[in-house]
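In what comes next, subunit A is part of two complexes: it sits with subunit B in the first one and with subunit C in the second one.
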Partner chain A sequence: MELKTLLTSMVIIGFSAGLVSAQADATLAVEGEVISTSASAPAFAENLDTVYSGWRFRKLETRSLQLDDFDNPAFVFVDKGIDLFEKVDGTEGKACASCHEDVEDFAGLRPKMPRVEDGTLVTMENLVNECRTERMGAEPWKYSGGQMTAVTALIGLQSRGMSVNVAFDGDAAPFFERGQELYYQRVGQLDMSCSNCHEDNYGVMIRADHLSQGQINGFPTYRLKNAKLNSAHARFKGCMKNIRATPYKEGGDEFKALELYLAARGNGLSVETPSVRN
Partner chain B sequence: MKKIFMITAVSVLSVTTAFADTAPSDVVFSDGAVMASLTTVSGDAAAGRDIFKNRKLGNCLACHMNDDMPKQQFHGEVGPPLTGVGGRWEEAELRGIVTNAKMMFEGTIMPGFYIDSGYERPLKKFDGKSILSAQQLEDVVAYLLTLKD
Partner chain C sequence: MAKGVKPRVKVPKTAAAGETITIKTLISHKMESGRRKDKDGNFIPRSIINRFVVDFNGQNVIDVTLEPAISTNPYFQFDAVVPDAGEFKFTWYDDDGSVYETSKKIKIA
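And now, the complex of A and B:
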């Protein structure tokens, strides 16, 4: 009798531990401000009820690095972004700050990226490089390079805590549909799609990694693995190489479409830029 | 004299059999199982155990827990635990599952370990190649058969 009760309670504990481990049920408060790390899934994501930030799936030590900007290793790079923002470059003798007096004016931009302009899908990186080449007479920065991620992190930070809200209808619809197609397409020698891991199996361990939904609300992301900021496209590239697939080009049409689709899957999550992951 | 002749014949035979592995495209499935061994050399379970955990070879541990490997720190949970799997499936079924799991489990995430075509955009160095060789596949099957409760 006693043994039976004991066994039953063990089973219950085991079961609920299993449930909790799917994703941490914790609150992310950065610098005291609460940031929502879950939201009800958009209707088109038929196989999901709730969307979760990747933060929820990381270990406690990794999660806690994001709670305080002094602990967050990404801020070394954000500071570099501030310097770059103020640095004169190019034939016009201008810095970003010459025209964009206050970087805080970019608040509200990150949740709406990527977006369609005159029939072209445009990412944050594209906007920055457009100003460099068209308005400063400067060389474009490398798409996922250190200068670019420093500045896109600085710009993204201005919207931290705001809800992702990209448009995926109207003239964005064809890009969204292309992104959706890529998300479900199996590729590589391992013959897997993004959905195989991030939709069908989020919440479980794949060897040492706790699979998340592969959301992009925290990009650019500081990774402990390479100790630098990573663009969303660099992350897509890494996932493709892991399944032994030839990645698409960073900044190319496929990854831009995938970015729009993933951003839309995360509509309602808060911008977490710059997030910390392993 | 006769004896020497026989030895030569045997060694010739074993050289040719090394090339007689069944090619990925020639593997015959029936209900997801593969009856015939893909090689003439029987599988080496100890080698199969290494392949099971090696991240660059089987990496089966990425998705499957396995109580036979308590020293390995990380066991995946994407697929069912393989503890005791040798008692649940016949040899031919295990060979079929590891060769191309999609023949047994439609739409599965589990990769086909002995297919060399039918996948898109592989990295160049893997183009036209299978993840495991025929012998490695037989080694893994031999290892799985040792996993009995």
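And now, the complex of A and C:
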């Protein structure tokens, strides 16, 4: 009996040690500036005590890529974003920079996105395309295309280190509830919901990788697996394919609601855009 | 000339005489290996950076031959001894004949 108890406690210790190493207590200092990678979970996320940035679940070598902007491969794309920001396009003969003279003025926008405007939920991508079609007279960009992610990464970068603080009450409440519903909705052939992995099993290995909490504070994120920037919606799509579900449309109502819900789950985490993940 | 090629280098602004410094370089380039096929099954022609050279005040520091298996946006990090103040000159040679150059000055503190 005693032996059995001892064995059980050893198993528990071994298991929790695995969890600890997966989200080891580490400091993320980007270009010397410390960014917090954990925060106490918001009240509505009743199954979590602490929310952790996906950075905490990655290997040391992946983590270290994010410490220096030169080593961070996402900055190749941010540079492209700067060029696009200044490039004149469309019938009005305007570039982003014609109205938004200094891209640094966008500091503080990323932590509040997505937000509700006149009863509709808008994401950063929606704002960019609204400017392109209505004020520049240009063709809208593809939702998760290379040009779009380059510019959203550039805009998001201006808020790096600020705490995510999206509003999910008032006007946003119905979208938030829709997102929450989707988060816990089992779908696909494998009959899994987001929460099955990212709430019940974060820190545990999934094949050769650690499951994160699925926080979106670092998006658009550079992924080593496809060597480009990935939008949050493209990542949702990837997750849905993995559970053999039919993905919703990028930029569609479902993913936008889910984005709001996930952003709210990460309220308190710092913006890490553009982050590096595997 | 391949599209969207942009060289980036990181060299400390100052160093002590005889100090070993770390230099990081990255050039954005698609590094098309020549082994991939397009939708119709035809090979996409090879288009890579095939040589990377760094000189310091006319003296060669490194000279690298790049092969098709090197991935997109090749990144090099290496150490160099700085005997005195001068200029690092970085040169990348593209398959299509283009040459991309950049340089960084370093002072002795």
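Odds and ends about this structure:
Just so it is clear, the second predicted complex is superposed on the first by the 259 of 278 C-alpha atoms of A that agree within 3 Å, B and C clash if a C-alpha of one lies under 4 Å from a C-alpha of the other, contacts with A are read in each partner's own complex, and residues count from 1 in each chain.
Here is the rule we use: contacts are C-beta pairs under 8 Å (C-beta built on N, C-alpha and C of every residue); 3 or more make two chains touch, one makes a residue touch a chain.
Everything quoted here is computed from the prediction, not taken from an experiment.
Shared-chain residue A:G188: touches subunit B; no touch with subunit C. Ranked by how many residues of subunit A each touches, subunit B and subunit C are led by B.
In the superposition on chain A, contact of A:P73 is made with subunit C only, not with subunit B.
After overlaying the two complexes on the shared chain, residue contacts for A:A227 are found with subunit C alone; subunit B is out of touch.
By the touch criterion defined above, A:A43 lies against neither subunit B nor subunit C after alignment on the C-alpha atoms of chain A. Contacts of A:L60 after superposition on the shared chain: neither subunit B nor subunit C is touched.
When the shared chain is aligned, subunit B comes close enough to touch A:T246, but subunit C does not. Touching of subunit A by both subunit B and subunit C, each in its own complex, is seen for no residue at all.
Put simply, subunit A touches subunit C in their complex at residues 70-71, 73, 76, 79-80, 227. Against subunit A, the residues of subunit C that register as touching in their complex are 4, 6, 8, 10, 24, 26, 28, 71-73, 75.
Note for the complex: subunit A touches subunit B at residues 185-192, 196-197, 200-201, 204-208, 211, 241, 244-246. Across the interface of their complex, subunit A is touched by residues 55, 59, 61-63, 73-78, 109, 111-112, 118-124, 126, 129, 131 of subunit B.
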